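Please find the structures below.
Next, two complexes with subunit A in common: one pairs it with subunit B, the other with subunit C.
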Partner chain A sequence: MTAPSLDDFVALSVDLTAFGETDLLGTGLGSPYLAKLRGACGDAVVTALFAAHQAARAESAGDPDGFDRALRYRIFSDDCLGPVARNVIKLWYAGTWYGLPPEWTDSYGAQSAAQTSTVTAASYQEGLLWRAIGANPPGAKAPGFGSWAEPPRIDDRYLKGARR
Partner chain B sequence: MTDPTINSRDDLIRYLDAALALEHATIPVYLTAYYSIHSTTNSDAAHIIRVTAVEEMLHLTLVANVMNAVGGSPDLTRPGFVPSYPAYLPDGEDDFTVDLRPFSPEAVETFCKIERPRKAPDPQARLMAVRPEESLLVGSPTASGIRFYSIGEFYEEIMEGLQRLAAEDPKLFSGDESRQVGPEQFYSGGGMIIEVHDLASACRALQLISEQGEGLDTGVYDAEGELAHYYRFRQLQFGRYYQKGDKADAPSGPELDIDWDEVWKVKVSPKLADYPPGSELAAAAAAFNTDYGAFLTLLTRAFNGEPDRLQDAVWWMFRLRDSVNRLIRNPLPGSDGLHAGPTFEVTGTGGALS
Partner chain C sequence: MFVKFPQGATERTDKDAAAEVLYDVVIVGAGIAGSIIAAQLSEAGKRVLILEAGPAEDLTLRGYESYLDRFYSSTSKDNQAPYPASLAAPMPRGTDTRRIAPGAPDTSAYLVQSGPLASDTTYTRVLGGTTMHWEGKTPRMLPDDFRMRTLYGEGVDWPLSYEDLAPYYAEAERVIGVSADVEDQSFLGITFDERYVYPMKGLPLSYLDRMVAKDVDGMPVELDGEQTRLRVRPFPQGRNGIPNPAYDGGNGFVPQGAVSTYQVEVGERCQGNNNCVPICPVQAKYHAGKTLTVALESGRVDLIAQAVAYRVHVDPETGRVQEIEYRRYKRPDSKAFTTVRARGRLYVLATNAVENPRLMLASGLRGSSGLMGRNFMDHAYLLTWGLLPEVAGTFRGTNCTGGISDLRGGRFRRNQAAFAVDIHNDGWGWSRGAPMTDLLDLVDNGGRYGESLRQGLVDRVSHQLLLAFMVEVPASPSNRITVDPSYTDRLGNMRPILTYAIPDYTMRGVAYARQLSKRIFARLGAEDHTDYDPNFWGYATYEGQGYEIRGGNHLAGTHMMGSDPSTSVVDADQRSWDHQNLFLVGGGSFPTVGTSNITLTIAALCRRSARAMLTQLDREQAPVQLATAGAPSHREEAGR
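Moving on, here comes the complex of A and B:
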């Protein structure tokens, strides 16, 4: 079995987080997060997760609604892959790997790195949640005096046609 | 004997305009190296580079104050203000280009060349002929085909010109005082800002630039007891800090902790053309350039009668920092594993302030 690739992890993460590849890689944490995922769940589960994501992409053939349904069917409602995918989302947004629920580890095995932990000292400040709410992580990435008087910058693709 | 090249207020302003471009041109070089360092590593090196970059920002502001004092209008948005890297700096011997590089021995070598203290062998040797193929960051703006032996000599020429013109023209320092940037607008930034109203304060401002940078013959430590930039960077080459009393070639302070591998390997002097056309990454690089242009527009306004705008410049800089970090952590497709970086390809229009 080949090791799960960073490319596949980033492709999955783009669809799970709604952040672009440039933003995800721009945290500098793609590789450490993939290593954490593998350490916490084992390569068999990670490989199955990536395969399910690719299958969902393939069967929906570019139709967004179909893809949404396929993700829910193949991943989020799956007893094994669902909790892992939700954890990947939380990992990117909060920078913390949350321990999987006991029902999951009872069924699929407890790996050595399964416990709740921060991944690196940088993962808190790189959490996507700060970008998502247009704020800086408290205590890091100082935004500069008076910056709070400015409206947050929101990418056009998130505005869905709304005006600034 | 070489004739003076500053013979009028217009000559002087053209020199100060070149000085403004020169001070700015070093900043992208230092920032690229600084942000290429993996966060939480190489703190000694990161600190040295950061402090130097911040002092260059002080120098930029000091030059703007001198320019305003003699009735000039600093313009950071004119075409060509931001050089196309790699670019040449003036130097007496073989040419060297200044690249945008990740933190590396090559980058530090360039920093040392930029800041190298170079007293011309005699005053006549200050001005040198330019080889025709060279594109210079600082040639003489008034005498074509002439470049300077070093940045220190370039500032010497300006100070001598200032003194000559001030003696001839009692109204030389007639600029609007409200255009001066003072300590209430520029603080915690590499030293005390000097407001310029007369020859003495103009010379103090330019002297500070010279001493903090490569200096002339002031030695390892300057008059304020600070290490000149050149010697700060030499510490990175020696792997050891200077302490008071040290000779230039033998620092004897504590060792520096340097790990050249804890660095994002940014492509040297990247261009937008290196980015995959139409990609998300190319858009991010282009957006940075647009933001940088808008930032230079903001600074231009701050230096043209709205000094309070420097407060906005602070959060603009933090915004730029976040964009640079994002770019540098992305691999640049088709570049053999090298990473993306800001290209600083800014058009002269400066972009709109949002």
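Moving on, here comes the complex of A and C:
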């Protein structure tokens, strides 16, 4: 079995996070995150996750609704891959690897790096969550004096809101 | 301007040599209270020894950066996350708080809680004290707050008036470096000298504040027959903004930058990190290390860190303090310590309103009035939270820039507690752990990923509004700090025990606050998501309604000042009635807390007390003979 590749990891991450490849690689955390994922779940699971992602892509052939359904069927609803994919999303957004639920480790084995942990001090600062809400990570990347009086820099397409 | 921390100042004082010196003043605690007094006395030429329980080395930039690293890397970002836990000088941590079962005190953490209500109130035992960690709001108290008994038949009158304290408020605002505008801060009787301006101009309100103000400004409120109109108003802040050129009769103000051993680029204006609690990464926020550095630069101040005061020894004849016995630990994680003594003409306990009475009571000094440790006060916080109809850009700016201060005073105070209201720029962070909890919920339970996740985050987080009602708590003798020899820490110090219940007077204010928040949300068109969990550790009911009550970190009242020795512990100078060469300083001296965050008033009182100390030192100038023969000044001991 060949080791899971960074390219496959980034391709999956782009679809899971809705941030572009340059955004993701620009954090400098692609490799450390992949290493974290492999350490926590083992290569067999990681390879299966990447394969499921590629199969979903191939199957939906560019149709967004089909792709969404394929991801739900093949990954999010899967006992093994679902929790791992959700963890990858949280890893990118929060910079924290969250421990997998006990029912997962019971079935698929507890690896040495499976506990909740930060990856590096920088991972918190690079969390995509802050960019999604147009804010800086508290305690880092200060936006400058008085910037808080201005409207937030959130992409227009999210301003309408699906809430109401 | 950066502040140069004298190299090696935390190590240069030899504890054995210091034990042979009779200092003018021995100060216990290097927080803002102790640091202000040390700076003022040393400036007047006095020799000062400071004993500090926390580990040393913290004021160099390297030490400060290690706090930051600890904060970034810790998975729990609670408000003590940056600070090293020490078993030798432990501190309460909000995450330790548990609901208290009736009759079963919670002894699991350093602060023993016998309830009935648990509190997550906290303080930090490191060099610089709790200001390393504070948020930095610096409002003055209202003139009415000093006369609550006379005006409203509630609480206790101070032996000082607002006018007595006003010049010291101005001094405190200079020491801390406060950013605010007089026009915004003149309300409910607060007055300033005619030409007074704050050292720095007020910080701008956040976009979120302005969004709230658009609908709330002018909102009418009727209470006890009085009409008020609400207004969103900025808070004075202990963080660097734009210096006001009109300060000091046109001389201007030079902000204090970062404390460091070398020239650094940080410490200038607040950059909006939204991390003031627990730690400001650029030291734009004031912390007591800035004042401590000034004191140490005088060359007349000796500092011994890792020195935990153990016992105050008193001459049984005269009541005067003879020495302070302290335990010096070698490493924060080791059990070994050395017992040493410190002697001065005057002694100052500046360890805060929990630790001061703890030390006195552990020394067997209950006070002739029996009030030592009684009348513990804090602010009771009630949080209410909702979602605004538009994107408000929550999570930007300092933790809090504006709020509603109009109900801090009024005739209604004869019936119910007053409050100040904060608009929190960090959304539901305090009540529900936002934004991380929102992220986890959207991903784990909401099936969100990709675009739908990004949309969900904006919808859920960027619309958040949290109002924090800071409700006054009047003095009540049964709310108190005690000690018990069966509860000790690793160094053998008795741990503080807190007994705390919220008086009905406060609960009436709490209930009213909840009602008012519903009106405010309705006026804003906001969805109210407030929900109080009966299993919450601070859940309290009043007239059939339940509320989550949180601690305010504004520790006060435990050695109350007064003009009558039988009903108070210290006089208006914070001098102990029982021990004429002992001062107990800090929030513990307050007879009322009103609705001001307490630290500016602590600073003002300490500026005032330092003058009284200088007068007393001059008066008691007679040379004191030290016994040089006899017992050695220290002995080695193994810890337990």
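Keep in mind that, in the parts below, the second predicted complex is superposed on the first by the 153 of 164 C-alpha atoms of A that agree within 3 Å, B and C clash if a C-alpha of one lies under 4 Å from a C-alpha of the other, contacts with A are read in each partner's own complex, and residues count from 1 in each chain.
Operating definition for what follows: a residue touches a chain if its C-beta (ideal position, glycine included) is under 8 Å from a C-beta of that chain, and two chains touch if they have at least 3 such contacts.
Note that the structure is a prediction, hence the values are computed from the model and not measured.
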| item | value |
| --- | --- |
| Room on subunit A for both subunit B and subunit C (clash or fit) | fit |
| Partner chain in contact with A:A110 - subunit B first, subunit C second, else both or neither | neither |
| Subunit A: partner with more touched residues, subunit B or subunit C | C |
| Which superposed partner A:T27 touches (first subunit B, second subunit C, both, neither) | first |
| First (subunit B), second (subunit C), both or neither touched by A:S147 | both |
| Which of subunit B and subunit C A:K90 touches, first, second, both or neither | second |
| Which of subunit B and subunit C A:G139 touches, first, second, both or neither | second |
| Partner chain(s) touched by A:Y158 [first = subunit B, second = subunit C, both, neither] | second |
| Partner chain in contact with A:C80 - subunit B first, subunit C second, else both or neither | neither |
| Superposition-derived angle with apex at the Cα centre of subunit A and sides reaching subunit B and subunit C, degrees in steps of 10 | 70 |
| Gap in Å between nearest CA atoms once subunit C and subunit B share a frame through chain A | 6 |
| Residues of subunit A contacting subunit B in one complex and subunit C in the other | 121-122, 142-147, 150 |
| Subunit A contact footprint on subunit B (complex, rising order) | 38-40, 264, 280-281, 283-284, 311-312, 314-319, 322, 325-327, 329-331 |
| Footprint of subunit A on subunit C - complex, ascending | 68-69, 71-75, 77, 203-207, 210, 241, 269-275, 279, 281-282, 387, 389, 391-398, 401, 425-426, 435-436, 439-440, 443-444, 447, 449-451, 453-463 |
| Partner subunit C, residues of subunit A touching it in the complex | 15-18, 71-72, 76, 85-86, 89-90, 93-94, 96, 98, 116-118, 120-122, 124-125, 129-130, 132-136, 138-140, 142-152, 154, 158-159, 161-164 |
| Subunit B contact footprint on subunit A (complex, rising order) | 20-23, 25-28, 121-122, 141-147, 150, 153 |
